[in-house]
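Pasting a structure below so you can have a look.
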Amino acid sequence: MPKLVEYAEAGPEVRAVFDAIKAARGVPDVNNFWKALAVDPASLKRTWESLNQVMAPGTLDPVVKEMLYLAVSMAAGCAYCTASHGAAARAKGMSDAMYGELIAIVGMAAETNRLAEALRVPVDTGFD
Amino acid sequence: MPKLVEYAEAGPEVRAVFDAIKAARGVPDVNNFWKALAVDPASLKRTWESLNQVMAPGTLDPVVKEMLYLAVSMAAGCAYCTASHGAAARAKGMSDAMYGELIAIVGMAAETNRLAEALRVPVDTGFD
Amino acid sequence: MPKLVEYAEAGPEVRAVFDAIKAARGVPDVNNFWKALAVDPASLKRTWESLNQVMAPGTLDPVVKEMLYLAVSMAAGCAYCTASHGAAARAKGMSDAMYGELIAIVGMAAETNRLAEALRVPVDTGFD
Amino acid sequence: MPKLVEYAEAGPEVRAVFDAIKAARGVPDVNNFWKALAVDPASLKRTWESLNQVMAPGTLDPVVKEMLYLAVSMAAGCAYCTASHGAAARAKGMSDAMYGELIAIVGMAAETNRLAEALRVPVDTGFD
Amino acid sequence: MPKLVEYAEAGPEVRAVFDAIKAARGVPDVNNFWKALAVDPASLKRTWESLNQVMAPGTLDPVVKEMLYLAVSMAAGCAYCTASHGAAARAKGMSDAMYGELIAIVGMAAETNRLAEALRVPVDTGFD
Amino acid sequence: MPKLVEYAEAGPEVRAVFDAIKAARGVPDVNNFWKALAVDPASLKRTWESLNQVMAPGTLDPVVKEMLYLAVSMAAGCAYCTASHGAAARAKGMSDAMYGELIAIVGMAAETNRLAEALRVPVDTGFD
C-alpha cells in the first residue's frame, strides 16, 4: 500500500493545506491524492496552489475546464485521475450525453493520433 | 518521406472519400493526413466516416468538442494532430484566452496524472 | 544535432560491433541508430546482441516478427523506429496490403486501448 | 466501480449490438468492454462495426492480426486490452512459443524505441 | 511555426518573467520554451516559479536532479526537453560516462516497464 | 491472473536464472517479475543479464542509478516497476527527503514535457 498521510499524523505545513482544501471544497476530509502527495509537503502546497490557479474562473465554462482535465487524464491512462476528475465533471454539470460525446472524442482522437504518428504525416503549411 | 497519395494517382475508392472531404469542408485539396491514410483505402473511408459521426452536432458546443480533441492530441504528444486540431479549434472560435486556459490545463493535468501514478494513489470510494 | 559516432573516430569496442552489424547485414555502413548508441559502447554491444537474440529464427515468421516490432514502434510514437522497422518489414516481405492491414490494427487498437482505460473496464474472469 | 450496462436494462440500440456480438462470437453474454462502452450507444455501434472491418479476413493470418493487436495493447500499457486480446490470440492459435517471442519483441522494441528517442536519432535517408 | 513571443512585443507581465529568467541564468535571451509558453502569461509565471522551487538546492545533488529531469523527459519522448535538459545536465557536470549510464538505464527501464505491463505482474507484498 | 512460474515447476534453464538471482540478492525466492517473465526462458536470461550489466558499479552512485530507474518507471506509469524500484531505491539509501525531491521532479517534468509538446517548441540552436 502506498503511504497516505492522515491529518492526525500530519505536520503544520501539511495541515494548513489540508485545511485549505477542506474549506474550499466544503468536505470533511481530503481525497487520497492529497494524502499521498503529503509525503512531500512542498509539492503538496505547490500543486494545490497551481491547481487553483489553473482551474480558476476564466473564459472557459467550469464544466468545460473539468472535461478538458478529464480528457487529458483518460488519454494519459491515469485511472485515479479519470475517476476523480470524472466525479468532479459530473458535480460541475457534465450530463450523460456530454460524457458520451467526450468518450467518443477520446477514443477517436487516440486512433487518429496513432495513425498520424504511424504514417509520419508532415504538418500542412496551412496549420502553422 | 512518408508516402502521400495525391488525387491524380488515386483509385476511385480514395477519390470518393477525397471528394467527400473537399465538399464537406469547402477546400480545394485534402490535408496530408488523408493523403497519408489513403495507402489503406478501407481505413481512409472508415476514419472519415467515424470522425464525422464523433464530431457531429450534439450536446457539446462544436468548439468545445474540437478543444477536447486538441487536448487529447497534446496529451498524446502528436505534433501533427496538435497543429491540425489547433487550427480547427481556432476556426471554430477558440480565442487566445481560451487557448491559454487549455494549455494550462493540459500541463497541469500531465503533472497530477504522473503524481497520481507515481504515488500509486488508491481510488477514493466516493469517486465510483 | 545529436552526436553520431563515425567508424573513423570509433574505438576498438565500437568498431567490433559496427563490423559485426555490417557483416550480418551486408551493408557498407551502419544506420544512425547504432552511430548514436555508440556514445555508450556497453549499451551498443548489449543492444546489438539482444536484438539478434530476439529477432532470431523461431516459431514466428521473420516478417511477422518485424511487423510486431513495427506495430509496437508505431504505438510508442517513435518516428525513427517506425521508419527503420518499416523499411526492414518491407525488405522481409511486407506487401502494401499487409501494411494496410497493420496500419488499420494500430489505429483501431489505439482507440479501444484508450476507451478501455477511459471507462476503467474491469478484466473479465474468463480472460485470466 | 465504473458503470457496466447489462442487457436487461439496455435500450433497443444497445441490445441490437449486444445481440450481434453474441451471435458473431457464439457467447451467452458480451464482455465488460462492450457493457462499459454501452454508456454511449453510438460509440458502441461504431466501435463494433470498425473492429469487425479491421479484423476481417485479409492478407494477414487471423492469429497474426490478433497478435499485432495484442502487441499494440501491451505497448500502450492497457491491462484490460492485454488480457482480452491475449485470450483472443490464444483462441486463434497463439502457442506458448509464439507468445514468448511476442513478449520478447514487445520488450526489446520498447527499449530501442526509448533509446532512439533519447538519442534523438535522425532518420537515415535510405528508410524513406 | 508555433508562436514564439519575443521580448520586444511582450507585455509587462511576460517581460517581468523574461527578466527574472535572464537574471537568474545570466543569459542575454530566454530559450524558446519560455517564448512559446508566453502565449499564456499566467502559465509562464507559474511554471517558472514552480521550476525554481522544484530544482532548488535540497538533499539531492544539482546534477542528479537535472539527470532525473532528463531521464523523465527521455521516457516521455519529449525531444525538446531531452535536448534542453541534456544541455543543462552537461552544464551542471554530467560527464560522458554518466550520460552513458543514464542512457543505459532509460533503455533498460523502458524494456522492463513494458514487460511488467505486458505480463500484468502483480505487485509483491514486500514492495509496499 | 497472469501466469507465474514457480521454482518447483520450472525447467533447468529457468531454475539456473532463479538460482543466480537468489544468490546475487540473498533472498529465499525471486520476485513476481521474474516468475512472470519465466514464460519465455530466453527473455528471462537475457533480461537478468542485461539488468546486471546496466546496474553494475560505474560512475554514478548506486542509489542514483536506482532513482533514475524509478523516475523512468514513474514517467512510464508502470505501477509494478514503481513499487519494486521504489523498494530497491529505499534499500540502497533513498531517504524520505530524496524521495520527496524525486517526486517533485517527476511531476514537474511531466508538466513541462507536455507543455513543450503542446506548444511544439523548436529546439534552440544552443542545445545541440
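As written, the chains take the letters A, B, C, D, E and F, and residue 1 is the first residue of each chain.
Simple rule for what comes next: contacts are C-beta pairs under 8 Å (C-beta built on N, C-alpha and C of every residue); 3 or more make two chains touch, one makes a residue touch a chain.
Remember, predicted model here, so these are calculated numbers, not experimental data.
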Where chain C and chain E overlap in contact partners, by chain label: A, B, D, F
Smallest count of steps, each to a touching chain, taking chain B to chain F: 1
Farthest-lying chain, centroid of Cα atoms versus that of chain D: E
Candidate from B-F, A-B or C-E with the same interface as C-D, over half of contact pairs in common: A-B
Interface numbering overlap (same over half, different under half) for chain A and chain D: different
Farthest chain relative to chain F (centres taken as mean CA coordinates): B
Approximate Å spacing (C-alpha centroids) for the pair chain E, chain F: 21
Centroid distance [mean C-alpha coordinates] between chain F and chain D, Å: 27
Touching two or more other chains - residues of chain B: 1-2, 37, 39, 42-43, 46-47, 50, 53-54, 74-79, 83, 101, 103-104, 106-113, 115, 117, 119-120, 128
Chain-level touch network, classified as line, ring, star, complete or other: complete
Contact set on chain D toward chain A in their complex: 37, 39-43, 46-47, 76-78
Residue ranges of chain B in contact with chain F within the complex: 74-75, 77, 79, 82-83, 103, 106-115, 117-120
Chain A residues within the chain E interface of the complex: 1-2, 42-43, 46, 50, 53-54, 128
Contacting residues of chain D [partner chain F, same complex]: 77, 96, 99-101, 103-104, 107
Contact footprint of chain B on chain A as seen in their complex: 1-2, 4, 31-33, 36-37, 39, 43, 47, 50-51, 53-55, 58-60, 64-65, 67-69, 71-76, 78-81, 83-87, 95, 97-98, 101-102, 104-113, 115-117, 119-124, 126-128
